[in-house]
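Here it is, the structure, as structure tokens.
Residue numbering begins at 1 within each chain, and the chains themselves are lettered A, B and C in the order written.
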Amino acid sequence: MFAETPLVRRKLRREAVAKWIFCAMAASMIVPLLLIVGYLVIRAWPSLSLRFLVDMPANHMRDGGVWPALIGTIYLVVLSLAVSAPIGVLAAVYLNEYARDNWLNRLVNMAVINLAGVPSIIHALFGLGAFVYAARFGYSIVSASLTLAIMTLPVIIASTREALASVPRSFREACWNVGATRWQTIRAVVLPNSISGILTGLILQVSRAAGETAPIMFTGAVFFKAIQRGNPLPYGLHDSFMALSMHLFTLATQVPDVKESIPFATAVVLLGSVLLVNAAAIGLRVYLRSRKRW
Amino acid sequence: MQATPFPEPVEPDLILRHTARPAWAVLGERALEILICLCGISAIIFVFGIFFFVFKEAFPVLGNPKFSLRQFLFSDQWYPTSELNKRYGVLAMIAGTFSVVALAMAIAVPFGLGAAIYISEFCGAKTKETLKIVIELLAAIPSVVWGFIGLTVLSRLIVSWTGAPVGVNILNGGIILALMMVPIIVSIGEDALKAVPDSYREAALALGATRWQQVRHVLLPAARTGLLAAVLLGVGRAVGETMAVLMATGHAVHIPHSILDSVRTLTANIAAELGEAPAHSPHYEVLFLTGVLLFLMTFVMNLAAYSIIHGFKRK
Amino acid sequence: MSEPHIVVQDLCLAYGPKEVIHGISFEVQRHEIFGIIGPAQSGKTSLLRCINRTIDFSAEAAVAGTITVNGQDVRQLKDVYGLRRRIGMVAPLPVGLPLSIYDNVAFAPRCAGLTKRSQLDGLVEHCLRQAALWEEVKDRLDSLGTKLSGGQQQRLTIARALSHQPEILCLDEFSIAIDPVTTMRIEDVLKELRRHMTIILVTNLTQQARRLANRTMFLWSGAIVELDRSDVIFSEHPASRKTYEYVNGIFG
């Protein structure tokens, strides 16, 4: 009764073909990427070393290391997170725990969603208009990190909301029933059980901020800035600064006669740090998911 | 945290009459709640702030007698620095954006949807986890690195494959942009397929369908609005992309005639010239106006995509 | 007769355009077990939520009428948290908070401002004993409340409800998600607790009301069909034909 008729064989063959086509499509995204990353590493190899990370640039920026750019990126990212993380998390707490469903809050929701889709060059324009000129911060690390903070803010809000919403409503109701205030409920039950999701979201935004070029290009990042070697805080708040992404862009497009492997090595450092941070966030998420408390 | 061996006997009304929250705790909580509310409203201030500032810097040029909005939108003559005859037509850039994004979509949509179907319906759990992580890492690659890849690796390949004089063109930008769009299309597309109830799949299986027949006849039609949203979001990202196209598409400001032509997109134009335009000059203001145009384009696309998504997530 | 504990006067409740409770009035006496029976969607849960004002968390709810507890109108009260501490609420589905068992029961007193460790210890043990859970968990007060079984979590919820020493205990269909043995144990607990507080028992098990309640109110589609002593409601001749039919399973 279940013998393989020609129709069945044809169906199964078509099924196998379809499966392999889709598999090939998925693979075709990944394989070229691995090849490209491999190629980048090979071309960067002569310059890749730990010294590359801590050396100053030499020979009119055509050789040497990327230390000022690396420290600049770190400084930039820390500053922008220091602004966007508290505001973003508290805004998400407001939207998910306190807000009533009225017109104002629906508008806020829409605003957050749309802010997440704004192109990075628009953020650059905004930073230029608002922080460099209107607020008179000039071309500085302050302008650039505030611009990056506004850029990462909506995604922090969205991912924090998701983390908060994953805590079941029944827990909150149980707390309200015994006379706890909203904040007591949030502090005792909601926040401790969503902190992992919140942290993952923050880490991912760190990596995004580190890789952006356009928003910092017009608000304070420069290709060359003389800094003191060995000073852990080489940039003042109102100084212009160097950053890895800007460094790569300029080396690749505007500097002739640069030693071949230097831009490749810069790209590998930037790509490597971003992927490392993302992998850490993914690892954190996987680990915490296995330790669910309900 | 064991109970102490001899706990105090419980007073009736201990809670009601003998305890109260200290005043500082109550006031502190109130202050914190006000702070929380302010942060919530701040998001709305920021999005309107973005639009406001960009428009504010662009606004003066609209009143400038030498500027014509018609020329801006419909002329391909872009000569902002000419001494005698300044012209501000961005049509060539619009064509540039359009051509690169169209090519990118033509590549990314089939591959992205195919990958989404594979991940959602055909592969095993372990492969699925791995693939999803890979896609997430792909999405994390900074756009300047993509641009660098286009400028160095891909342009050499294009020159040797096609014999074009220059390797930075629509083809280069289109491929790079496609690689950047794929993660979004895959992850949202996979969400859309996941949202189709299992009962549909089971019904198809019960009728004797193979996996592929299931996908083609039942799941794709059921998920089509979600898949459309995935594509729209991908396009939104592609239109707004700056650094990668700046580095990979070349610098020619003209309406392209072939896939091997260099072009300049709207985003790349702003990035390339903003540094040189004197602050608050007409050139500067027109660049901001281009920003307003871009903002509106991506705003509309993202709004459409999200309203579709919220439709199907609620189901 | 002493003052009634709770007085409800012309209570109306609407969720948006839909009216759920249509002007009901009744009284609850001190130290009685007051049963409320009725089919689903009768407004029983909403009524309880009006009494402890957790209805405030539903944005579309509009309440009219008065509810007084000890003579005070609950809707005019400024200290709504104090009110909720005077009323204990047990929800239908057992909820163990993702805290340790000790912290589950100590949560409410801590919110109220009680921080002295020895007092908390005493209160936690007392409430867990009252809820008939102490013997099973006394050696693992540190473990997570969410890892207990359904019946244990429901008793934990009762311990939590008792932890702020309420005058009134409301139970909303507490037995629907737990096994019959635990249900019987909790019913014994309620009979004990009656000596200390007033109990409102909402249930869809008419036999449960018959066993436990002194007086029972039959609520149907947001209106009171009949309110009387339990031995009348569950007898052969209640005042309303509908009551007889519901109690005997002819509808509902």
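By definition in this document, contacts are C-beta pairs under 8 Å (C-beta built on N, C-alpha and C of every residue); 3 or more make two chains touch, one makes a residue touch a chain.
In this text, all values refer to a predicted model and were calculated from it rather than measured experimentally.
*Asks:* Specify the chain most distant from subunit A by Cα centroid.
*Replies:* Between subunit A and every other chain, the largest centroid distance is to C.
*Asks:* Is the number of contacting C-beta pairs greater for B-C or for A-B?
*Replies:* A-B
*Asks:* For subunit A versus subunit C, what separation do you get between their C-alpha means, in angstrom?
*Replies:* Here subunit A and subunit C have centroids separated by 49 Å.
*Asks:* Could you give the separation in Å between the centres of subunit B and subunit C, each centre being the mean of its C-alpha atoms?
*Replies:* 51
*Asks:* Nearest whole angstrom, what separates the Cα centre of subunit A from the Cα centre of subunit B?
*Replies:* Computed value for the inter-centroid distance: 14 Å.
*Asks:* Give me the residue numbers in subunit A that touch at least two other chains, ranges are fine.
*Replies:* Counting only residues that touch two or more other chains, subunit A contributes 181, 184.
*Asks:* Any chance you could list the residues of subunit C touching two or more other chains?
*Replies:* Expected reply: 82, 85, 108, 111-112, 164.
*Asks:* Find every residue in subunit B that makes contact with two or more other chains and list them.
*Replies:* Within subunit B, no residue touches at least two other chains.
*Asks:* Given the complex with subunit A, which residues does subunit C contribute to the contact?
*Replies:* Residue list for subunit C touching subunit A: 52, 54, 57, 59, 81-85, 88-89, 91, 93, 95-99, 107-108, 111-112, 144, 146, 157, 160-161, 163-164.
*Asks:* Any idea which subunit B residues touch subunit A in the complex?
*Replies:* Against subunit A, subunit B makes touches at 29, 32-33, 35-37, 39-44, 46-50, 53-54, 56-57, 110-112, 114-115, 117-119, 122-123, 131, 133-138, 140-145, 147-149, 151-153, 179, 182, 186, 210-213, 215, 233, 236-237, 239-243, 247, 267, 270-271, 274-275, 279, 287-288, 291, 294-295, 298-299, 301-303, 306.
*Asks:* Looking at the complex, which residues from subunit A come into contact with subunit C?
*Replies:* Where subunit A meets subunit C, its residues are 100-101, 170-171, 173-181, 184, 188-189, 192-193, 293-294.
*Asks:* Give the list of subunit B residues in touch with subunit C in this complex.
*Replies:* 1-4, 7-10, 12-16, 19-22, 25
*Asks:* Applying the document's contact rule, which stretches of subunit A touch subunit B when the two form their complex?
*Replies:* 11-12, 14-15, 18-19, 21-23, 25-26, 28-30, 32-33, 36, 39-40, 43, 86-88, 90-91, 93-95, 98-99, 104-105, 107-108, 111-126, 128-130, 133-134, 150, 153-154, 157, 181-184, 204, 207-208, 210-214, 217-218, 245, 248-249, 252-253, 263-264, 267, 270-271, 274-275, 278-279, 282
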